[in-house]
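Listed next: structures, encoded as structure tokens.
Heads up, the next two complexes both have subunit A, just with different partners, subunit B and then subunit C.
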Partner chain A sequence: MPNVIGETKKAFITGNEAVAWATLAAGADIMFGYPITPQNEVMHYWTRLAPKHGRGFLQTEDEISAGFTVCGAVQAGKKAFTATAGPGNVLMQEPFGMAEAMRLPLVAIIQQRGGPSSGTVIYSQQEVTLTTFGGNGEGHRIVYSTATHQEMYDYTIKAFNSAWKYRFPTFVLGDGYQAKMREPLEMYNPEEKGLEIVKPFPLVGLDGHIGDNREPQHLCNIYSMEEELYEVVLDFVKDYNAIIPEVAEYQAQQCEDAEIIILTHGVVSRAADDAVKILRSQGIKAGSFRPITLRPFPTNDLRNVIANSKAKTMLIAESAYGQLDRLVKQEIYGETIKIENLFMPGVGIIDYDIISKVKSII
Partner chain B sequence: MMVAPVTPKSWYLPSKPHKFCPGCGHGIVLKALGEAIDELEIQDRTVFGCDIGCSLLSWDFFACDSTQTHHGRTTPVMVGIKRSRPELITIGYMGDGGGYSIGSQHLLNAAVRNEKVTLILVNNTNYGMTGGQMAPTTLPGQKTETSPFGRDPEETGYPTKGPEFIAELTPDSAYVARATVSKYNQLKRFIRNALRNQMEGNGFSFVEVLSTCPTNWRTNAQQTWRFLEDEMEPYFPVGELKTPFGKGGAK
Partner chain C sequence: MVTHQYSDRIVEAFVGEYASGKSEMAINRAIELRKLGHKVTLVDLDTVEPFYTLRPLKELLEEQDLHIISFSTKESFGLGETGAMLNPRARWALMNEGDIILDIGYGVYGAKTLNLVEGAEESLELKVMAVFNYSRPMTNSLDKIIEYIKDLGRVDAIVANTHLGNETTLDIIIKGNNEIIKAGQELNIPIAYIAIDKVLYDEAKDYNFALPVKYIERYMPNAMW
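Right, the complex of A and B next:
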């Protein structure tokens, strides 16, 4: 792997630029993209950086095509990715579904914008349901919800590794704030950190002579019999469940002695962490829990945190009207901890919002 | 004495006999394609992609690496493969619904970008697999399940002439032709040219093939052939619309 970063260095850049550098550092071969705000600069940086490093780019006719060209490229054995948002994410559910069905190591960066429909071009956390469970499948995807530019960099690199290691389509779920803000981060060559980069492999266009030293590959995406599909999906379930302990990630802070757990994801978790500090300084024992993987969800970890905490209440706060809330409730069905909500669809949440809500409920 | 038919080397024999209806033209197109792959000696580096619909039944037709996708999306999948691995020969195989309707934006833009893929589109004037609905290519007056009183161009427009519009969109290095299953040698020559054009790295290559659908046309053998030759071929003129190769195939 060529070292595209050079010496590890501090940078003060936007999240979109961090993503472009991270895809390069992860060894991405080609990007297929279509303009939509707030992810455009991923393409802008990629189109400037890619030719210098022998990487490819195609601006497709729409997001459907961007997703399907990525499906083709990964079948051909190249690390390919796309980036999108909002209505583009809606259109890409079709190719994302194909990637799920054919176990294609597709990588997509999602920078959430407001919804429904065209919504706003600014920010939201309203693409949680779509990114985790979009399409006519079972949500066999890996979804990393990042909170900082450092994480956008780290998890973009990790997304390629997870996709090619486990062969589930993998998503980095950011948002317009993370996409457009500048903040400091450290950029590094993954190998310097001891991170092994998973190598891609082709599913079609294999070496050798057909009938002589290899068989033709017939990749299937539609089945004649109900039972055939049933077996395929159950195999996916088995494989997916098996990787959960390796893949699921979370962060928990000061939950043990807390009287309330604040559960958030993505950039909102920064407001939650600030709120915990301030509330504790005011004598209110708060803790925080944050799933980093929304799929697979760190279910056992959250159940353990609840079991080992004194908290009788959990506040779920999100910049959507209950998408995270539904996800959490289905994962921890049976827990008796009381759940309160702070839903602010399409707008940012700051520590003040969370502190006020906490004070109103305890 | 029974004589086994000669089959192209690039056919995948475990999937034979094929799954198309009796009298369907797909088998003829795929035989021509198989022979062209053999003659050009590209079996090992060919990636065959098929659309949803009847063309999907070709998914294991060849002893070539093959993939499936969604309705209309074969073109971008082939583009993705070709852009990533230019040494591969990518063949997208689709029907008139997949190419001219649901996937028309992909077909049009791939043509404009002069993508170096070969697309073969089988035109049988209806959606076969889903039970004979009206297609972009359904002829005026032709009865289908969604135009039961005959296609009225005032309501639904005139049949799409794909090669004609693709020829308008592409540069001179593209190859654009319309063939018919009623003229086998010409069909094979056009497919061969379309593959050669990709192999030489010239540009976009597209062949529409007029084909038969007795099941949904509800025609016997005689009526089927009559519809193809007397109704379709006059409306959809057969021939090469754009070729970087001269007459007889010389460049």
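Right, the complex of A and C next:
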């Protein structure tokens, strides 16, 4: 891999730019995109970087086409990606579903904006359900929810590796705040950190002869009989469940002696961490849990954290009206910890919001 | 068209790379001039992202007795995502009395929106200030800065605004700004001043920058959309 970053140094950067640089560092060959706020600078930046590094870009006629062109490019063995938000994410569910059906290593960056529909151009966490379980399938996707620019960079690189290693469509779920916010970021060449970059490979046009020296590639998104589909989907389930221990990630802080666990994801977890510090300084023992992968969900880890914690209450806080809450509840069905909610759809949550809520419920 | 000329007034437009510090420089300059007793109009001329820039700070700035031409949260209610938008009051901004500070949209294309301001072309008062932060990846070498200034078009002076947010050190400021200064020398464009966050005053005050230094307040981190 060529050194695209140059000397490792800290840059002052927006989240969208961090994504564009990370895709370059991960060896992405081409981006297919259609403009939508707040992901536009991923495209703007990629189109500034790509020509200097021999990479490609195509602006398609709409998001449906952007998603399908990624599906096509990855079959040709190219590391391809797209980035979108809101209604664009809705339109891309059809190609994302194809990527699930054909086990295509598609990578998509989602910068959540307000919804429903065009909502706002600004921010939300309202694309959780859509990104994890959108489409007419079983949600066989990998979804990383990032909280900082460093994570946007790190997990964008990781997303390509996961997609090409496991062959499930992989998503980096950010939001408009992370997209536009500016903070210092250390950009690095993955090799310098000892990170292996998974090499892409073609899925069609392979050498050899079917039946003689190789098996046929079954890249299907439609079957003539329901029994065929049934077997395929059950195989997906088996493969997906097998990677959960390797792929699922979370962060838990100070949950053991906590009276209350604050569960958040993405940028809101930064407010939760600040809230934990302040609450503890005021004598209220709070802890925090944050799923980094929303799919697969770190179910066993959360169950263990609950089992090993003194907490009787868990507060789920999100910039949506219950999308994370529903996800968590289905994953930890049967747990008896009391669940409280702070739902602020489409607006930011700061430490103060969480602290006030915690004080009102304990 | 007749352009009113106020010979003693200050008219400055801040241009530059995305997130180089244009809004921050514009706000600080406007407040500085207001404190000197000038009548000041601060204009948000970001036509692409009118909801991301001065909007959240508008009321706070008006409390400091600045005349602000920008959409407020209330005014933008119901407009939705209307695409590129020019506030009519921004188009005629130069017709206002007193000093005019223009915060221009980002990048090379942003700088071109200055053409939308009536009288900008003919104005003898207008100074185009290009803001550079050496920590921004697209302007983090001497060559890149020179190339960028050439693409910007008209630039009358440069503001050296190298910083790394909360992780800024004197070393980062000095090293980065030295390259920006070299670019100015090469293109024969003066450096108007070096901008340093006032929280770093104690560290920076004894260093001889050999150029004017302005200690600025960072307002943009409070601009939660």
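Everything below uses one rule, namely that the second predicted complex is superposed on the first by the 350 of 362 C-alpha atoms of A that agree within 3 Å, B and C clash if a C-alpha of one lies under 4 Å from a C-alpha of the other, contacts with A are read in each partner's own complex, and residues count from 1 in each chain.
Rule of thumb we're sticking to: contacts are C-beta pairs under 8 Å (C-beta built on N, C-alpha and C of every residue); 3 or more make two chains touch, one makes a residue touch a chain.
Just so you know, these numbers come straight off a predicted model, no measurement behind them.
Undergrad: Quick one: on subunit A, after the overlay, do subunit B and subunit C clash, or do they fit? Just give me the call.
TA: Aligned on subunit A, subunit C fits beside subunit B.
Undergrad: Which of the two partners, first being subunit B and second being subunit C, lies in contact with A:Pro87: first, second, both, or neither?
TA: neither
Undergrad: Given the touch rule stated above, what does A:Gln75 touch, subunit B (first), subunit C (second), both, or neither?
TA: A:Gln75 sits against subunit B, while subunit C stays out of touch.
Undergrad: Just subunit B (first), just subunit C (second), both, or neither: which does A:Gln217 touch?
TA: Only subunit B is touched by A:Gln217; subunit C is not.
Undergrad: Touching A:Arg48, do we find subunit B (first), subunit C (second), both, or neither?
TA: second
Undergrad: Contacts for A:Val204 in the overlay, against subunit B (first) and subunit C (second): which applies, first, second, both or neither?
TA: first
Undergrad: With the two complexes superposed on chain A, say which partner A:Phe12 touches: subunit B (first), subunit C (second), both, or neither.
TA: second
Undergrad: Using the superposition described at the top, determine whether subunit B or subunit C touches more residues of subunit A.
TA: Between subunit B and subunit C, the winner on subunit A residue contacts is B.
Undergrad: Identify the partner contact of A:Gly348: answer first if only subunit B is touched, second if only subunit C is, both if each is, neither if none is.
TA: In the superposition, A:Gly348 contacts subunit C only.
Undergrad: Rounding in steps of 10 degrees, give the angle subunit B-subunit A-subunit C taken between C-alpha centres.
TA: 100
Undergrad: Based on the superposed arrangement, let me know which partner A:Ile122 touches: subunit B (first), subunit C (second), both, or neither?
TA: In the superposed model, A:Ile122 contacts subunit C only, not subunit B.
Undergrad: State the minimum pairwise Cα distance, in Å, between subunit B and subunit C in the overlaid complexes.
TA: 22
Undergrad: Which stretch or stretches of subunit A touch subunit B in the complex?
TA: Contacts found on subunit A: 29-30, 32, 56, 58, 60-62, 64-65, 68-78, 80, 94-95, 98, 102, 202-206, 208-211, 216-222.
Undergrad: Help me check something: in the complex, which residues belonging to subunit C touch subunit A?
TA: Going through subunit C, the ones touching subunit A are 18-19, 49, 51-52, 80-81, 133, 135-138, 140, 163-167, 224-225.
Undergrad: Per the contact definition, I'd like the list of subunit A residues that touch subunit C in the complex.
TA: 9-14, 17, 21, 37, 41, 48, 118, 121-123, 176-177, 180, 182-184, 187, 348
Undergrad: Along subunit B, where are the residues that touch subunit A in the complex?
TA: Going by the criterion above, the answer is residues 12, 43-45, 47, 49, 52, 56, 59-60, 62-70, 73, 76-85, 88, 105-106, 108-109.
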